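Structures are listed in the sections that come next.
Both complexes below contain chain A, partnered by chain B and then by chain C.
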Partner chain A sequence: MKFRAKIVDVGCLNHFTRVVNTVSKLTKACVLRLTCDHLYFVLSGRVATGGVSMWCELLQVNFFDEFQLEGVSADANEIFLEVAPENLSRALKTAQNAKSVKIKLTKKSCPCLTLAAELPSLSSLSRVVTHDLPVDVIPRRLWYDFREPQMPEFDVSIYLPPLKTMKSVVDRMKNLSNYLVVEANLNGKMNLKIETDLVSVTTHFKELGNPPWGEDGSQSSSRTHREPELMAETRVDIRKLQQFLTGQQVNPSRAMCNIVDGRILHLIFLHEDVSLQYFIPAVV
Partner chain B sequence: MDCVATGANVKVLAKAIHSLSRIGEELYLEPVDDGLALRSVNSSRSAFASFQLSPLFFQRYQAPTDQSFRCKMPIKSVQAVFKSLSSLERSVEKCRIQLNSEKSRLTITLHCKHGLLKTHNLSFQDCESLQAVFDKESCTNVLQAQPRLMVDTVLHFPPSLEEVNLSVSSDRVWLRNHVEDDADSSRAMMTELCLSSEEFDHFAISSQTSITFCLKELRGLLGFAESSCLPISMYFDEPGSPVILNVTDSVLEANFVLATLSEDSHSKNHVNSDTKRPDAEQPPDDFMSDDMDSFLIAMETSELPGPSHVPTSPPQPINNRKHSASDDEDEEALAERPPNKKFCSLFFGSVLPTPSLTNQTIQSQEVLASDSEDENQTETS
Partner chain C sequence: MPLSTQSQSDVDQYILIASLDNARNLSNILKAISFKDHAIFNATQNGLKVTVEDSKCLQANAFIQADIFQEYIIKEDAVGFQVNLTVLLDCLTIFGGSTVPGVCTALRMCYNGYGYPLTLFLEEGGVVTVCKINTQEPEEPIDFDFCSTNVTNKVILQSDSLKEAFSELDMTSEVLQITMSPSHPYFRLSTFGNSGNAHYDYPKDSDMMELFQCTKIQTNRYKMSLLKPSTKALALSCKVSVRTDSRGFLSLQYLVRNDDGQICFVEYYCCPDEEVEEE
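Let's look at the complex of A and B:
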């Protein structure tokens, strides 16, 4: 198993750092899946994490100048590592003005991801800062748990309102209730609702637009006959949604959500080089 | 006692006090003809800091008539006087420190703009002189760097990091986070920064060595040096000997003396030397009592090289260094025996102002002196 990669472009380094920061705000531990073309940060839904799951996909070539991978075997040319994204975030933080950043899989007292940044210095010799991040190699028999999630058969798919606005609405609603209902329809309307014994508050968004999923999108056939005004809704733990909106450092070119009525809120952020999917299960 | 600091020096004074607050809970004030000494020490006696302000630092400096006047006070109360550095800079024109002996109060008066006077009366306790014994000139390794370099270096380590390891070779310096050898350590994130000797203003390393000391206490000095733009000098020897960080200009000198971790494996190799005493010979309990008298007694009866022995101590460090080079290889072999590491406490000649004791460079003496609460009682001894 071998992995070596290098970033030399400052813009790529900043972008990569922002993605890692975003992931680190969502979870303390996740799986880093490395293939020849992609890096994935994966969190598989578990009761302990409240059932949320995350799939963050990066196109390797848009970040790294050099990328060499030798997976566990020829037919399974991938590496799965359990990492603490916060460590990676910390290591990248002080390397933002580095001339180059190299990442390697190494073995110190345990398997590590070693990050070495060459920093500008006052002398002819660069300063080198090296961080060894302990990781766990995930055996092949467990890889199934971290496979790419299937697109759920959603009832409604809609573009999100401006994230800043959505975040401030959710922040304020969090003070009133632990649960939030997200509902939307195929006419570009979305409502965020909370309801308590004393008060109910609804924020209405209009003219958001619905993503045009083509024939290859997994729309259920009944969807084409769906009443445009009919709302699909899920009730979710508001903190999970807030955590997702707060940690965002990657400005997505497109942000949308898919709602499976009463079951899942599926948030998708798309960017040229990176995509982030976050699944929040419904609560009764 | 009456001293007046004006202009930019008020901020320097404030920064000095803030730096000292990173070390200990109490501020020791010692005004002598040579100048004003502000000192602090931490409770485990493993970190000591001293700011010596010469009379030229002040617009006016008058030492107390009683030359042996020394006092200490909680540093938080002094910090409260110099609370906001930015408002100090903007509005304080003059700072006057006076001793009101009849009321046992130290009066600090801030003369601000528009004729505003802020007067603080602080109560103090009499105390003994606080002076760690150290000798920069006898240190075999010296580094000097601009504060910017040190600050940038320390940035790579998390603010919560306690201990840092500094290793030097003939042309490089490494800074690493120090992790205790226990079960969790193998899963901790390790960070290492490598600097070339060219980045230092002065680089005089006599032999490869590696010392571990507390980073938290160092940050206090870094803050001061950065604002004063004065270069920081580091003086150190082998592990176990304290590291001395020094910032000097024409009117002030700051010394931060930090103990370094000594490994038991080192002391086992040095049974013959007088300067290193294995823990077993000095049961720590002797020094845990607050009674300074017993501390004194222990000092007198131990194998302290008196003034006549001073010439023989230089050869010892050479033995120590030879051993430490081979120790690095031995340490890996000794891995199965967890080293009983501890910070050597600094030797303090703080009991009696006996010149012969304070002039000796026995900084490698392992002494555990607890935070003495009964210092007042020792005035008579």
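Let's look at the complex of A and C:
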């Protein structure tokens, strides 16, 4: 197994850092899956994490100048590592102004991702700062747990309102209730609702637009006949939604969500070279 | 949008409707008295009075006159109810504390009467939020029986001078002592904390002193924990009047200008902790 990669462009480095920062705000531990074309940060839904799952996909070539991978075997040319994204985040912080950053898989007393940042200095010699981030190699037999999530058979897909507004509202609602209902319809309307003994609050967003999934094979014909005013809803733990909204470091070019009525809230943020999906299960 | 599409029958059933183009003109002043969860609302033709009390020794009132509101309709002589003030403030600021000029939250507050929730319609940038907050039977606010005929001493100060003093007050002191006298030290704030005693003197001819009417020397102590919340009102205000009566009760009245420069009042009443006999 071998992995070596290098970033030389400061813009790519900053972008990569922001992505890692976002992931580190969402989870303490996740799986880093490396393939020839992509990097993935994966969190698979488990009871311990409250059932949320995350799939963050980066197109390698848009970040790295050099990228060499030799996976576990010829027919499985991939590497799966369990990492603590916060460690990577902290290491990248010291590499902010680096001329280049090299990442490679090494073996110290345990397997590590070693990050070496070449920092500018006043003398002709560069200063190199190295971080060894311990990782766990995930054996092939467990790879199935971290496979790409299937697009759920959603009832409604809708573009999200401006994140700043959504975040303000969710922040306040969190003071008032532990649970939040997200409902939306195919007429571009979305409501965020909380209800407790003391208070009920509903925020109405309209004219949001619905993504045209029609051409995508995942749309079943019955959905195209769905009554446009009919709302699909999920009730979720408000802290999970707040955590996701707070962690975002970059404004996505597209932000949308898919709702499986009573089951899942599926959030999708798309940037030019990164996509982030977050699945929040419904609570009863 | 609910604000404009409310049916006539909806509007008819409300006994109180109060609207503001800028919800901050209500939320800011309510923050100045938000030291307890519950607030008593009393609305009359003159406007809104909101009362918060603490352990029967402290009372804060915020007055928002009817003409501050862009719309103020009341169908009874007096409308009273009690709500959770913390919840109300979270609702009034649901769109966050945006200080972008020109962007503000519009508010319409409606009440159907006894047993009904307080309904708020808030709008910012085309997004509407509807809140229904449960109400309770209003408690009777304490009457501190503080009337101007019993006032022994009165000063009116520009808030800036007091703001500095209050921000530096030794919080390890259990009491704040206020001395008012026709002669030196005129107006003095004193604390007795772990690091020693501290005095802040305001001479009667100071620039900051707008009015000085002291008839006899009085020294009273008030629990610091009770007065601490009043610093929020002080921070918002431009002028403050400090009055004590023959029993040593304290009245602090704050003149507050809202975002649009309109005037509202906040007052705090506080019982003395113990009376100090003057020599």
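One rule holds for everything that comes next: the second predicted complex is superposed on the first by the 283 of 284 C-alpha atoms of A that agree within 3 Å, B and C clash if a C-alpha of one lies under 4 Å from a C-alpha of the other, contacts with A are read in each partner's own complex, and residues count from 1 in each chain.
Please note the rule applied: contacts are C-beta pairs under 8 Å (C-beta built on N, C-alpha and C of every residue); 3 or more make two chains touch, one makes a residue touch a chain.
The structure displayed is predicted, hence computed values, not measured ones.
Applying the stated clash criterion after superposition on chain A shows that chain B and chain C can sit side by side.
In the superposition on chain A, contact of A:L176 is made with chain C only, not with chain B. Looking at the shared chain after the overlay, A:T203 reaches chain C, while chain B stays out of its contact range.
Of the two partner chains placed by the overlay, neither chain B nor chain C lies in contact with A:S157. In the superposition on chain A, contact is made by A:S168 with chain C only, not with chain B.
Once the two complexes are laid over each other on the shared chain, residue contacts for A:T27 go to neither chain B nor chain C. In the superposition on chain A, contact of A:L133 is made with chain B only, not with chain C.
In the superposition on chain A, A:T94 contacts chain B only, with no contact to chain C.
Vertex at the C-alpha centre of chain A, arms toward the centres of chain B and chain C: the angle is 70 degrees, rounded to a multiple of 10. Of the two partner chains placed by superposition, A:S53 touches none, neither chain B nor chain C. No C-alpha atom of chain B lies closer than 9 Å to one of chain C in the superposed arrangement. No residue of chain A lies in contact with both chain B in one complex and chain C in the other.
On the chain A side of its complex with chain C, the touching residues are 161, 164-165, 167-169, 171-173, 175-176, 197-206.
Residues 2, 84, 86-87, 90-91, 93-96, 98, 117, 124-134 of chain C are the ones that touch chain A when the two sit in their complex. Put simply, chain B touches chain A in their complex at residues 149, 155-156, 158, 186-196, 198-199. Remark: chain A residues 87, 90-91, 94, 108-110, 121-125, 127-134 touch chain B in the complex.
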